[in-house]
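Mind looking over this structure? Questions follow.
So that you can tell them apart, the chains are marked A, B, C and D in the order they are listed, and the count of residues begins at 1 in each.
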Amino acid sequence: MALSPSLLYGLTGLMLFVIGLAALFTSPQLLGKILAVNIMASGIFLFLITLAHGSGTLIDPVPQAMVLTGIVVSVSSTAVALALLCRIEAAARPPAHLPKKKDEARQG
Amino acid sequence: MNLSPDSSAWIIWPVVVPLLGAVVCFLYKKKPRLAGHFFAVVTCGTSTVLGWQVLSQGVGRHLLGGWSPPLGISLRADGPAALMVMMTAVTGLGITLYSGGYFQSRLAGDSQDHRFRAQEQSFWPLWLLLWAALNGLFLSGDIFNIYISLELVALSSVGLTVLSGKPPSLVAAMRYLLVSLLGSLTFLLGVGFFYKAHGTLELAVISKALAPTPPVIMALALVSVGLMLKTALFPFHFWLPPAHANALAPVSAILSALVIKGSWYLFYRFWQGGGLLAAVGIVPALLGSVAIIWGAFQAFSQQRLKMLVAYSTVAQIGYLFVAFPLLVDSAGQGRDALFYFAISHSCAKAAMFLAAGTFFLQLGHDRIRDLAGVRQLLPVSSFAFALGGVSLMGLPPSGGFIAKYLLVSKAISQDLWWLALIAVVGSGLTAVYVFRAVSSVLSPHLLEERPLLVVAASMQWSALALALLAIVLGIMAPLPLALLEVT
Amino acid sequence: MVNSGRKRVSPAHRPWLLLVLLLLFFAALAWVYLVPGSVPGGLARQVDASLVASGVSSRVTAVLLNFRAYDTLLECFILLLGVMVVWSLRSAGTTEPRQPAVGAILAALERLLLPLMILVAGYLLWAGSSQAGGAFQAGAILGGAGVLLLLDSSPFLDILPKKALVWGITLAPLFFLAVGVAALTQGRPFLTYRFQEASLVIVALEVAAAFSIGLCLATLFAGRLPEYESEPAQDKFAAKRGE
Amino acid sequence: MVVTAFDMLLCLTLVWLAWHVLASRDLFRAVVLFISFGMLMALGWVRLRAPDLALAEAAIGSGLTGALFLSALRKLAGTTKEKRRLDRDEER
């Protein structure tokens, strides 16, 4: 079977998904994990787009619309994740006028 | 409104009303509680109309934008979907009434009310948006639309989890968010493979035509793993207890009673076609069995009441999956058992979490060994907690009993003895940890002095109403079962 | 990070095991992806057949704002939800000091770029009905312009009355709901447009969506809730207390 | 369409970049690499005849998400600079 560009990009997308998955498990830092989720999402988007080239010369607009929606969803969740990360870091840092409870930050 | 020629409009209202409510609560910050209650009641009303319509007229279908699938998106209201919408409506109304009292009590009890006011202002729009997303999830007939609804559910749940602002709840919410995103993305990849295999996004077509070709198997596996992550089935349960136990009291109830049901329901939707069920239906059942045992042991060894209730959710999720091999034949009793577990767990668990939240607010802690005497102080909540426990254990005449009865009798008729055994053993284990909590709550320890009651009456009575409903579900079983027959 | 609280011990100790498992997973995905089978084809033909009835000539826009407009409605709500959660995180949390000005180069860039960006956004919006472009891209560019302004510590989100900001963010969701409910009251399914009005409604929805998306994105970047900035010390204290 | 050397190069670069984004211990470098990753992604989408997406990816996926990451990094740098240095010292 001849490798068409869409297949090549599809495989790349799947590879990106797997790389992101690996980093999500191994990354020691939360920011790294959020980056990993973003890379996974990009991989899936690339994969979805190649489905638009399924048959013949017509390009299917439905996967393209799906990806556009997906990009907006992903930026929204990234913003939430980053805001949460900043909040966690701020809470872990003891405010100057309050003694830090040691075990509090480690729970959960 | 005039009598509309499109008679299926009642399907969309349970989604539109809470969406509108969320925006109104977001815009109208002065009295979000009032707007929240109003829209919760209206949502409950439209959901009841939906349930009644399905019961009397059969399956309904609403073609959004007037385009029929595969081009457009359709909403489909059949028996199971209507039952889940009704479950969300009833439990949601109880939680809404509780939340009103909860925020009122906290605002009255603390002079530092700026933070509490901000919490409440965020709570109402998030809760209504979550409600809308759940209803959208139950009714949606399009798998990409389901992905968006799942993301809405996940983000609003995370938003609700972080409201308490405590560091443990923040860390738990972060883990919850990452797991949720992983689950959604896995689901989305599965959606891609389904689209590749079938050329359509319509759920009804996809779940019927589960021919075991490689792309379909891969798609189903990805979708299932994504949904199991979100439902917190056994090996993926690690994120649930801290997230559920550290949230605000009404939020714990929302997460445990309703949110996990959304992804579980989708799991059922994808598997209900049955093609692959005979071959691999045993996998969710085995994971569910381990979850029942493991969750019960973990629940027993907890020191905090809310953690105990949260681990009990891990165990009860096991029951939601254990009956999947019973779905193979079309008699429908396996399905009835599954859905009965879902609705009775929803009422019982909401009641227990709400009662535990009441104890927490009154006492300032939820250490199980120091709960003695709370019965005297909060008799209604204590009774609600105990009644919820009765339904979890599956004692007659509760809804939990009906569910276990259906499960065991169906398993025996299919010669799946181990499954029946697991259900019975699970009941025993549930009894052990429920007794541990209930004996502490109900212990006849007399208080020397009666502290001032800081919790509103509506907090106690709404929990009791839900607990009573969990019991009554056993007596009025014919009604939900009749609704389930509409497919 | 100590406080991340989710160090996974086993994969870190056995990276090779993880790597092998993931490679196997990739091999399975790739095999399934490449396996030749009956390709049913997507929905390209159906989209083309209904394109005339949709009211726009761009196929992606037709899918986004007509055939699958319900998805886009929910997507607007996801952005709104993102703003809600970020604000609730910030309102109860600590407040950061205002970022310092970035410098002369950025200011010059900004003078040059801002009008250009707004122009491009308008063009994309206009082009969306026939070619590449549309509400999202225009909204993104508007959001980018907002971010640029914020980087130069122009406090336009703070100067903007809180009410106006909140209404601007909810404009697209509300408008979508209104269009949907209007169809319901006239006896048509949710979000159905009448044929003669379709292109007008879609353009109006696109403008509203671009505006709200741009504002939401800029707000997500700013992340501040202007209202609560005055009580930082007390807030910090309150955040540390129990439930 | 046939696979050109450009396609091959682009795909390999994407994978290489993703690997380095995620393997990098220096978060600032990771974020900068992520932004360039997004830009290359947009290029790939042009190649896949999806110019709509190329625009959206360049603007949102790469530009705005990158800006979000950078601003988060700047906020974090204030709170955890010392802690991270301590962590790094511990690793050595």
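We adopt the following convention: a residue touches a chain if its C-beta (ideal position, glycine included) is under 8 Å from a C-beta of that chain, and two chains touch if they have at least 3 such contacts.
As the structure is a computational prediction, the values presented were derived from the model and not from experiment.
A.B. asks: C-D or A-B: which has the larger count of contacting C-beta pairs?
C.D. replies: Between the two chain pairs, A-B has more contacting C-beta pairs.
A.B. asks: Taking each chain's centre as the mean of its C-alpha atoms, give the chain farthest from chain D.
C.D. replies: Result for max centroid distance from chain D is chain B.
A.B. asks: Indicate the whole-number Å distance between the mean C-alpha point of chain C and the mean C-alpha point of chain D.
C.D. replies: Chain C and chain D have C-alpha centres separated by 19 Å.
A.B. asks: Taking each chain's centre as the mean position of its Cα atoms, how many Å separate chain B from chain C?
C.D. replies: 28
A.B. asks: Rounded to a whole Å, what is the gap between the Cα centroids of chain B and chain D?
C.D. replies: Chain centres of chain B and chain D, defined by C-alpha means, are spaced 37 Å apart.
A.B. asks: Among the residues of chain D, pick out those that touch two or more other chains and give their numbers.
C.D. replies: Residues 52, 56, 60, 64, 68, 75, 80 of chain D touch two or more partner chains.
A.B. asks: I need the residues of chain C touching at least two other chains; which ones are they?
C.D. replies: 1-5, 29, 33, 39-43, 47, 60, 68, 71, 75, 78, 81-82, 85, 89, 93, 136, 217, 220-221, 223, 239
A.B. asks: Where in chain B do residues touch two or more of the other chains?
C.D. replies: 144, 148, 151, 155, 158-159, 162, 166-167, 171, 174-175, 195-196, 199
A.B. asks: Every pair of chains that touch: which are they?
C.D. replies: Chains touch in the following pairs: A-B, A-C, A-D, B-C, C-D.
A.B. asks: Which stretch or stretches of chain D touch chain C in the complex?
C.D. replies: Those residues of chain D that touch chain C are 51-52, 55-56, 59-60, 63-64, 67-68, 71, 74-75, 78, 80, 83, 87.
A.B. asks: Help me check something: in the complex, which residues belonging to chain A touch chain B?
C.D. replies: Touch residues, chain A against chain B: 17, 21, 24, 30, 33-34, 37, 40-41, 44, 47-48, 51, 54, 62-63, 66, 69-70, 73, 76-77, 80-81, 84-85, 87-88, 91-92, 104-105, 107-108.
A.B. asks: Can you tell me which positions in chain C touch chain D when the two form their complex?
C.D. replies: 1-2, 60, 96, 99, 124, 132-134, 136-137, 140-141, 143-144, 147, 151, 217, 220-221, 223
A.B. asks: For the complex, which residues does chain C have touching chain A?
C.D. replies: Chain C residues touching chain A: 1-5, 7-8, 11-12, 15, 18-19, 22-23, 25-26, 29-30, 33-34, 36, 39-45, 47-48, 59-60, 62-64, 68, 71-72, 75, 78-79, 81-82, 85-86, 89-90, 93-94, 136, 213, 217, 220-221, 223, 233, 236-237, 239-240.
A.B. asks: State the interface residues of chain A toward chain C in the complex, per the touch definition above.
C.D. replies: Contact set of chain A toward chain C: 1, 7, 10-11, 14-15, 17-18, 21-22, 25-26, 28-30, 47, 51-52, 54-56, 58-65, 68-69, 71-73, 75-77, 79-80, 83-84, 86-92, 95, 97-98, 105-108.
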